[in-house]
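Per-chain numbering from 1; labels A, B, C, D, E and F assigned in written order.
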Amino acid sequence: MSIESLSEFEKNREKGNKLILENADRQMKRLFHIDGEVYKEGTLSSKNKELLGLVSSLVLRCDDCISYHIVQCKKEAVTIEELMETLTIGYTVGGSITVPHIRRALIRWNQLEKE
Amino acid sequence: MSIESLSEFEKNREKGNKLILENADRQMKRLFHIDGEVYKEGTLSSKNKELLGLVSSLVLRCDDCISYHIVQCKKEAVTIEELMETLTIGYTVGGSITVPHIRRALIRWNQLEKE
Amino acid sequence: MSIESLSEFEKNREKGNKLILENADRQMKRLFHIDGEVYKEGTLSSKNKELLGLVSSLVLRCDDCISYHIVQCKKEAVTIEELMETLTIGYTVGGSITVPHIRRALIRWNQLEKE
Amino acid sequence: MSIESLSEFEKNREKGNKLILENADRQMKRLFHIDGEVYKEGTLSSKNKELLGLVSSLVLRCDDCISYHIVQCKKEAVTIEELMETLTIGYTVGGSITVPHIRRALIRWNQLEKE
Amino acid sequence: MSIESLSEFEKNREKGNKLILENADRQMKRLFHIDGEVYKEGTLSSKNKELLGLVSSLVLRCDDCISYHIVQCKKEAVTIEELMETLTIGYTVGGSITVPHIRRALIRWNQLEKE
Amino acid sequence: MSIESLSEFEKNREKGNKLILENADRQMKRLFHIDGEVYKEGTLSSKNKELLGLVSSLVLRCDDCISYHIVQCKKEAVTIEELMETLTIGYTVGGSITVPHIRRALIRWNQLEKE
């Protein structure tokens, strides 16, 4: 499977998020809000939290979630070495079934490098 | 990830189903047949059964299955409020990893509204 | 695998919940609270919501979650026919890997019948 | 987690299967029947089919299903070398999260050797 | 969801693999190497090992992994009957949630037949 | 479900690991070795790597893996605040289906505090 360009990814994401916010009941709105809160600086740095979000998304194998955290990792100045060590843990825990997602994670990372 | 149009979705589905029926051994044919039976009116209404199928597909995160049940929900006159409460339960149980699928579920629902 | 008695299940659950509430940070407390809210009567009845929770727990194969929803289903006066139709949908969607959980769901249901 | 003895495993399994057969609706009965059919000799030998069932159960991480297929593999005269190669493929595909299940698979296998 | 052509699949795969090999740390390189080793002829034939890889990929529902093993199965002279029996076991164990992947597996198989 | 005592957990783990090492083929031995390597100090600290292992185990819902990483986290001087933030991310990503595992994670943590 190929992945869409970064701008297409962002556009699809926003289109979907808009539909969620327009239609969500009260509890869904709260869940959605919490998603934005848990990666903020706490006892753990927001960088480390993004890596936790990334590895969770990798072992659960969700490309959109991985793409989102890759973008955030870049904003948090994660290095390629840190990225690879995180992906290696996901690969070890989650097995070779994660490899196609690692491929797409690195393609996304590369797109960001070229911006 | 973007999702294909409704007609493309239906076309791909039919193409694949045709290949299944042409090649399936006896047990696969039976499994395939049961899939069509379990959502029929029983002690539970077919509407409630479709919602059960939808939430199962959401927590297992299969876009094609979600699309299929969204189409069926529409036929069963599910309201947007009922849809959202069902998706909220899936989101609660299955976590934020389901969000990209909720986005695409609502985009699919919207396509049906416009038909 | 065998399952513990109903009273042991409840005791372990409470012990764990107490530890969660004593230690949870703000966001975890909110998530925990939402879990209690989403099954309440809404556009969908609380009975139908419990069935949605049950089928989600079955296809994701979590015995403790299944036990919890089985207890709630009993309180909501779910009949054995409604229970079986719900479990059949879970079995269809989730496959034979759910069967050990269906076994334990019915053992739990039976314990409740005898109370 | 420890695993129960072989006789306890068989007893729990039968108790649960009895409840399924007593309560199952028509479609569940058919699914249950198919489960018994698909591992029978076909173009593929029943031995190879049991290995397919075993590796599926391992990557989906269901101890009861693994125990069942381990027992069947023994009946089909699977050797320890064949068993290990099958488990290695499951470990490779499914990652280290499968390791606790490999431990219990080998403990079960050992119980069967001693019978 | 539709699947890309065989040449596009191969191209995306190679592009991603190149990025993995350029950036991988030592442990990831080793994991990647092992992935190539475990399907080689051993006590079990490489044909049977490919079927084990295929069924694992099916129940874990990874289209790219399925496509890869379908291509390998073809090289190992797997017949359509053997393929279908393997997919039927995956469908039985993993449920109807695997059906969209079976559709795409058969479309991929068909593309290979026409080459 | 209750969890066994710490000493029982360690004993079962060792018994299983012994069986793995006695029977493992070459590739399984290598996978097993890599599991021990990836959490070692690198660009990321071993503490952060343990948290990555913990959150992966939580969202994939493996009690034995969680127990193992909880023990390691304690050795790495992870604080209760850091633990809770990590579990909150797992809960957010993986949903309420992770709650029974969070309960048992905290019971395990408590056992370690009392040692």
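As a working rule, a residue touches a chain if its C-beta (ideal position, glycine included) is under 8 Å from a C-beta of that chain, and two chains touch if they have at least 3 such contacts.
Source: prediction; values computed, not measured.
A.B. asks: Out of A-B and A-F, which chain pair has the most contact pairs?
C.D. replies: Answer to which pair has more contacts is A-F.
A.B. asks: Can you work out the whole-Å distance between the CA centroids of chain C and chain D?
C.D. replies: Between these chains, centre-to-centre, one finds 25 Å.
A.B. asks: Find the geometric centre of each of chain E and chain F from their Cα atoms only, then give the gap between the two centres in Å, rounded to an integer.
C.D. replies: So the centroids are 30 Å from each other.
A.B. asks: Multi-chain contacts only, two chains or more: what residues does chain D have there?
C.D. replies: Those would be 25, 27, 31, 34-35, 38, 42, 56-57, 59-60, 65, 81, 85, 88, 91-94, 96-97.
A.B. asks: May I ask you to sort the chain touch graph into line, ring, star, complete or other?
C.D. replies: Per interface graph, the chains form a complete graph.
A.B. asks: Of all residues in chain F, which touch chain A in the complex?
C.D. replies: Listed in rising order, the residues of chain F that touch chain A are 34-35, 38-39, 42-44, 48-49, 51-53, 55-57, 59-60, 65, 79, 81-82, 85-86, 88-90, 92-94.
A.B. asks: Going by the contact rule set out above, which residues of chain E touch chain F in the complex?
C.D. replies: Touch list, chain E to chain F: 25, 27, 30-31, 34, 37-38, 42.
A.B. asks: Using the touch rule from the top, collect the residues of chain C that touch chain D in their complex.
C.D. replies: 1-2, 61, 80-81, 84-85, 87-88, 91-92, 96-97, 99-100, 102-104, 106-107, 110
A.B. asks: Name, in rising order, each residue of chain F that touches chain B in their complex.
C.D. replies: Answer in residue numbers: 59, 91-98.
A.B. asks: Going by the contact rule set out above, which residues of chain C touch chain F in the complex?
C.D. replies: Counting only chain C, the residues touching chain F are 3-4, 8-9, 12-13, 15-17, 19-20, 23-25, 27-28, 31-32, 35, 56-57, 60, 62-65.
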